[in-house]
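What follows is a group of structures, each given as structure tokens.
Next come two complexes, and both contain subunit A; in the first it sits with subunit B, in the second with subunit C.
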Partner chain A sequence: MLGQTLREVSAALKQGQITPTELCQKCLSLIKKTKFLNAYITVSEEVALKQAEESEKRYKNGQSLGDLDGIPIAVKDNFSTSGIETTCASNMLKGYVPPYNATVVQKLLDQGALLMGKTNLDEFAMGSGSTDGVFGPVKNPWSYSKQYREKRKQNPHSGSGDSDWLITGGSSGGSAAAVSAFTCYAALGSDTGGSTRNPAAHCGLVGFKPSYGLVSRHGLIPLVNSMDVPGILTRYVDDAAVVLGVLAGHDPKDSTTVPINKPLVLSSLEDVSKLCIGIPKEYLVPELSSEIQSLWSRAADLFESEGAKVIEVSLPHTSYSIVCYHVLCTSEVASNMARFDGLQYGHRCDIDVSTEAMYAATRREGFNDVVRGRILSGNFFLLKENYENYFVKAQKVRRLIANDFVNAFNSGVDVLLTPTTLSEAVPYLEFIKEDNRTRSAQDDIFTQAVNMAGLPAVNIPIALSNQGLPIGLQFIGRAFCDQQLLTVAKWFEKQVQFPVIQLQELVDNCSAILENEKLASVSLKQ
Partner chain B sequence: MLARALWLGLRVPLGGPRGFTSKTDPQGSGRITAEVIEHLERLALVDFGSREAVARLEKAIAFADRLRAVDTDGVEPMESVLEDRCLYLRSDNVVEGNCADELLQNSHRVVEEYFVAPPGNIPLPKLDEQEPFPHS
Partner chain C sequence: MAAPMLRWGCRGRRWALACVDGGSCHRRGAPTGSTSNRIRGQSSVAQQPLHTAQKPRKGEHKWAAVVGLEIHAQISSNSKLFSGSQVRFSAPPNSLVSFFDASLPGTLPVLNRRCVEAAVMTGLALNCHINKKSLFDRKHYFYADLPAGYQITQHRLPIAVNGSLTYGISAGKECGQVIPKMVRVKQIQLEQDSGKSLHDDLRSQTLIDLNRAEGQLRVDANISVHHPGEPLGVRTEVKNLNSIRFLAKAIDYEIQRQISELENGGEILNETRSFHEKLGCTVSMRDKEAKQDYRFMPEPNLPPLLLYDATSLPTGADPQQVINIDQIRETLPELPSVTRERLVQQYGMLPEHSFTLLNEVGLLEFFQNVMKETRAEPKKVTSWVLNIFLGYLKQENLAVSESPVTPSALAELLDLLDSRTISSSAAKQVFEELWKREGKTPGQIVSEKQLELMQDRGALEQFCYSVMKDHPQVVMDVKKGNPRAINKLIGLVRKATLNRADPAVIKEILEKQLSS
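Presenting the complex of A and B:
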């Protein structure tokens, strides 16, 4: 049941094969069993059960709200949820309970979805590993999969025990781990530089980034206003389409949403011969792992063998996109983080000498090094003497990058095909050897140009690596052609038949571990 | 305030604008003078806290300097990908609000319907006006 698609579960609910409460209980129990993954910051058990009860009533009366009624979902902890703590994994917002729901959250709730909880992330969504939040790092469920463990046993040099667990990627790592471990059917992430697609690639999921302006950002605690979008993480492309259909559309509360209100229907693509796939040559960088390079090549060959036209295109400013992103991101962050002064919400320190002193101390206590570093960098680039040379310059480069994509699409390309990440998920101990900024600069390389141009993009898991870990590829579409993009992605998903993660052993062992822990604590008390 | 005091402790023996340019960083632009540090800390109301943070900023600037290599003559800056569209404006009717109580609940210090702030218009002390860190 937990491994099925959204539509299959929805049908099962309608037919009474399972009730929303039973489904909710299953997911809650799995959340408890997989607590060590640290995917959830807040588990909203009571809320979810109450929602399940209401959903059950609706099903009994034959009045289900739609495909999402009674379906467990999770939401990244930088979306405001009314009455439920929203922290952004930061001390600044610990204990903050928003008085309203983000529009995307409201839309999901209006469709009857069950909110299982708020998921873990990098602090304020800054990072590419989900390792820098105050609630600790998120562990990749694939670290415990049969597929990975078996490959490790074959390697005599590998360490044993839990110390070599893998990162999920970030910054929506908690959402990715939650979906990957079957604790929910879909999760909301956010995507500013690849924060939904990166963990999707590392956790073997569909990670969808909509066109900028298609989905409302009202209630999403902002990082970079001109690039943020809510992202969708699911196990299947169809599921992502169902969720997108609910979320897309103009929101009067977000004036950066465009007045598009077409319903989203994913048709089956049988024939790709009219399709033109573009392969950007600048994305072939030396740091790309040979495994991913080979899979990328095989994917291109697959399209060609099925009749599609596959051509090489050039996005000449690719090598500057990460630098441009760095300047624009830190500048917007410097502005967006200015609202956290301790006065109206969030953490407040005890200093009462002056407003300025109180603000400064509050912000020192509330933000971690990564956030503070970005604020300071951003302020530097925005100084009067630097504004033209850095900020405006980056805005000009942004236009060049966006134009690169426009030119590629104008040459007849429908969809671009690129890698999503440089390699498969790495062990945490390996990842933390470099600092956050360096890692982000490395890991965002294929994903963040898309945010600068505001295009839709999706990660589709393609195969397991030699180590038994997921590898994904990215498809990029034209602006507001999200439906077409997902249609192509769905065709590709069907061709590659990515394997399901085998976690049963873990879940079974886990209950045994929990039992042993309980027994141990009892005997200690005696 | 401890971080600020530690900062002072680091500054006192070195002094001068050379202060915190990381000597081991070959890309150090030398542009992060003490004045710049102070200026940024005031603007951001966030302090560097350590030498590493200054070094990180220098690396970030060196990284950003790569943009100079791009020819942007005649290119207009891009503020938003939706620049070709009009922003939608809602009609000027009040449809929600009246939620003062809910909003006040999130603040730590409230008196009746006011958010309470410490006295304003008191600038942060300049670094050289502060007490030096007591050496133990």
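Presenting the complex of A and C:
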């Protein structure tokens, strides 16, 4: 049951094979068993059980609200949740309980979804490892998978024990771990430079970043307003489409959202012969792992062999993208973080010599080095004397980058196919050898340009690496052609048959709760 | 301003009306223009006829002053510029604060359509060019009453630019002559207001009110002086002036201060000053805020504001989703300058009277309502409205809307006067009675107090005859040719009739009787 698609579970709920409360309790038990993953900052057990109870009543009366009714979901802890602490994994917001729900959260709740909890992240979503939050790093469930463990046993160099667990990627690592470990069916992430797609790639999930303007940001505590998009993490493309169907559309509270003409329906693509897949040549960088490179080209071959046109395209300004992203990102960060002054909400220091001294100490205590570093850079770029040379220039480069994509699509390309990450997930101890900035610059390399152009993009897991770890590829679509993008992604998903994570050790531990599921010994997917 | 959407002083959402003015400001001539002006940066200072600030003494250069004003005016709307929370004057502190107003993380600004319409309307009224595309920016500074750490404003591309306002100033000893003036408006921008800080020095606390709905005038004045023909002087900015009177005083003071500073070999610092209301002088604020870098940045949460006109309106556009400049132009009320011109043309009114009528809220409407109902001459009506009616209002510090006398009552009273039913002095007596709010009509008051003029000519002739008989000496004086003697007789007759006789008629009868 826990490995099923959202619609399968929804059908089971409708048929009464399982009740929302039972489903909720199974997920809650798994959350407890997998607590060591540190996927959740807050588990909203009471809220979820109450929602399950209400959902159960609806099912009994035959008044299900839809596919999401009774479905456990998780939400990244940078989305405001009414009455539930929202921390952004920062000291600054510890104890902050928003009085309102983010629009996306409200839409999920309105559909009867069960909110299991708030998931871990890098502080204020600034990072690519989910290692830099005040509540500690998130562990990748694949560290404990049978696939990975077995490969490790074969490798005499690898140590044993828990010390070399893997990062999830980030910054939505908590959401990725939560879905990957079967504690929920879908989770909201946020995606500013790749924060949904990157952990999805490392955790073997579908990680979808919608077109900018398709999904409301109201209630999402911002990183970079002009690039932030709520992201969707699921195990299957269909699940992501169901969630997107609920979330998409104009929100009067977010002036950057646009109305959608027709409901999103994902059909099965039978024939790819009319499709043109673009392979951006600039994405072939020396740092790309050979394994990913070969999977990338195998994926291209797959399309070609099925009749699709596959062409090489050029996105000439790609190499300037990450620097440009850095300038724009830190500038908006500097601005967005200005409100955290300790006056109205969140952390406040004890110093009360003057308002200025209070601000300074509050912000020093409240933010980690990464956040403070970005604020400092951003303010530097926004200074009157620097504005033209940095911010304005970066905006111009941003336009060129966006135009690169427009030109590629105008040349007849329907969807671009690229790697999502340079490599598979690395062990935590390896990851922290580099600082956050270096890591972000490396890890966002294939993903952030999409945010600057506002395009939809999705990570689709393709295969396991030699080490038994997930590798994903990224599909990038035309602006507001999210449906077309997901349709292609669904076709691809079906072709590659990515293996389901085998959490035997976890399952063994959790045998009591999973026994009833009659889980297949090899897979959680039934 | 007749346009109803501008109220002085602002908070909540507000305008920053920024205008460049031709600095026609000399000692007494602070820009009395009812709206606004401000200079942004010296480069844009206008070179209009400059006036001497001081009467030049022998051997002295003339000084000229340049003044620009930044005026913050609240838009009359039901909800705030970027949030749905209400705007209400004198609401309890922090009672009208939405999540956005409190800058809760994750909240986003949503532009209020009404405010945009009001901005466009103001722009049109001030002869501005309306920008079909305007942008919003963030202006950053840390202050306790600025909860987001930035203010959303229109820094790069405001909604309206390059306007002008003509107005008149009274000149000469009698102030009888109105000299037309023009002030240039640099720009009109939509701007979110900060909150209000109340400093409690005793407890060393600061209390913050985020309602942002103060009904006050708030003006920042930029002032510099220079010798005509030479480069402009260094300017100072006097901040937070909250009344026209203080604005004029602050400007006058600052001009004088700068002149004497320069004449005594000093120099003017480019600084921010505040006006000390009790001492009537400006003082340097030495404010850390003054020199700060606001780190302007585009507001990413608000797309460019696009306006349309009849030619650019997309076909099939939902009228709720677009703002049509031409449509707003059609709803524009008659502008004050046009109204004044019309009053002069239509009623033969003196220009200064037309100014007075328009400067008092509701007075023009009152005047027009009286005109509709009375047979009295426009001159008479103007005189009564501006002298007697306005005098009573001022004396009791009442607004026109609070007047105890209705236009109909005044019209009736003026009709009685016009038909010579009552005398002018009786009319004033009636007016005083009307002011007491006893619910009586002028007609009732006249008959109760027996204030009608005597219509019986025979009786009046009898009175005249008696007076002449009783005062032979005065009659003699008249006959001797003393021109003032007849007035004495008239007075005596009026007294005898208890002021109920028309002096003109008395005079006529007396003259007839004297010559017989």
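As a convention for this text, the second predicted complex is superposed on the first by the 506 of 526 C-alpha atoms of A that agree within 3 Å, B and C clash if a C-alpha of one lies under 4 Å from a C-alpha of the other, contacts with A are read in each partner's own complex, and residues count from 1 in each chain.
We take it that contacts are C-beta pairs under 8 Å (C-beta built on N, C-alpha and C of every residue); 3 or more make two chains touch, one makes a residue touch a chain.
Just so it is clear, the structure is predicted and the values come from calculations on it, not from any experiment.
Chemist: For A:Asp482 in the superposed arrangement: first (subunit B), second (subunit C), both or neither?
Modeler: Touch status of A:Asp482: no partner.
Chemist: Who does A:Asp191 touch here: subunit B (first), subunit C (second), both, or neither?
Modeler: After superposing on A, A:Asp191 lies clear of both subunit B and subunit C.
Chemist: Is A:Asp239 contacted by the first partner subunit B, the second partner subunit C, both or neither?
Modeler: In the superposed model, A:Asp239 contacts neither subunit B nor subunit C.
Chemist: Looking at the overlay, does A:Arg348 come into contact with subunit B only (first), subunit C only (second), both, or neither?
Modeler: first
Chemist: In the overlay, answer first, second, both or neither for which of subunit B and subunit C A:Ala361 touches.
Modeler: Only subunit B; A:Ala361 stays clear of subunit C.
Chemist: Kindly classify A:Ser255 by the partners it touches after superposition: subunit B alone (first), subunit C alone (second), both, or neither?
Modeler: So A:Ser255 meets both subunit B and subunit C here.
Chemist: After lining up the shared chain so the two structures overlap, which partner does A:Glu332 touch, if you call subunit B first and subunit C second: first, second, both or neither?
Modeler: second
Chemist: Once the shared chain is lined up, is A:Asp67 touching subunit B (first), subunit C (second), both, or neither of them?
Modeler: In the superposition, A:Asp67 touches no partner, neither subunit B nor subunit C.
Chemist: Of the two partners subunit B and subunit C, indicate the one touching more residues belonging to subunit A.
Modeler: B
Chemist: Which partner does A:Glu123 contact after superposing on A: first (subunit B), second (subunit C), both, neither?
Modeler: Neither: A:Glu123 stays clear of subunit B and subunit C.
Chemist: Which parts of subunit A are in contact with subunit B and also with subunit C?
Modeler: Common to the two interfaces on subunit A: residues 96, 99, 226, 252, 255-256, 334, 341, 343-345, 355-356, 359, 379, 383.
Chemist: For subunit C, which residues are in contact with subunit A within the complex?
Modeler: 99, 102-111, 138, 140, 142, 144, 147-150, 206, 208, 293, 295-297, 300-303
Chemist: So in the complex, the part of subunit A that touches subunit C is made up of which residues?
Modeler: 79-80, 86, 88, 93, 96, 98-100, 102, 217-222, 224-226, 252-256, 331-332, 334-335, 337-341, 343-345, 355-356, 359, 379, 382-384, 387, 391
Chemist: Enumerate the contact residues on subunit B facing subunit A in the complex.
Modeler: Touch list, subunit B to subunit A: 1, 3, 36, 39-41, 43-49, 53, 56-57, 59-61, 63-64, 66-70, 72, 75-82, 85, 87-90, 99, 102-103, 105-109, 115, 117-120, 122-124.
Chemist: Under the definition above, what is the set of subunit A residues touching subunit B in their complex?
Modeler: It comes out as residues 96-97, 99, 212-213, 226, 250, 252, 255-259, 317, 320, 323-324, 326-327, 330, 334, 341-346, 348, 351-361, 363-364, 367, 369, 372-373, 375-377, 379-381, 383, 389-390, 392-400, 402, 435, 437, 441, 452-454, 479.
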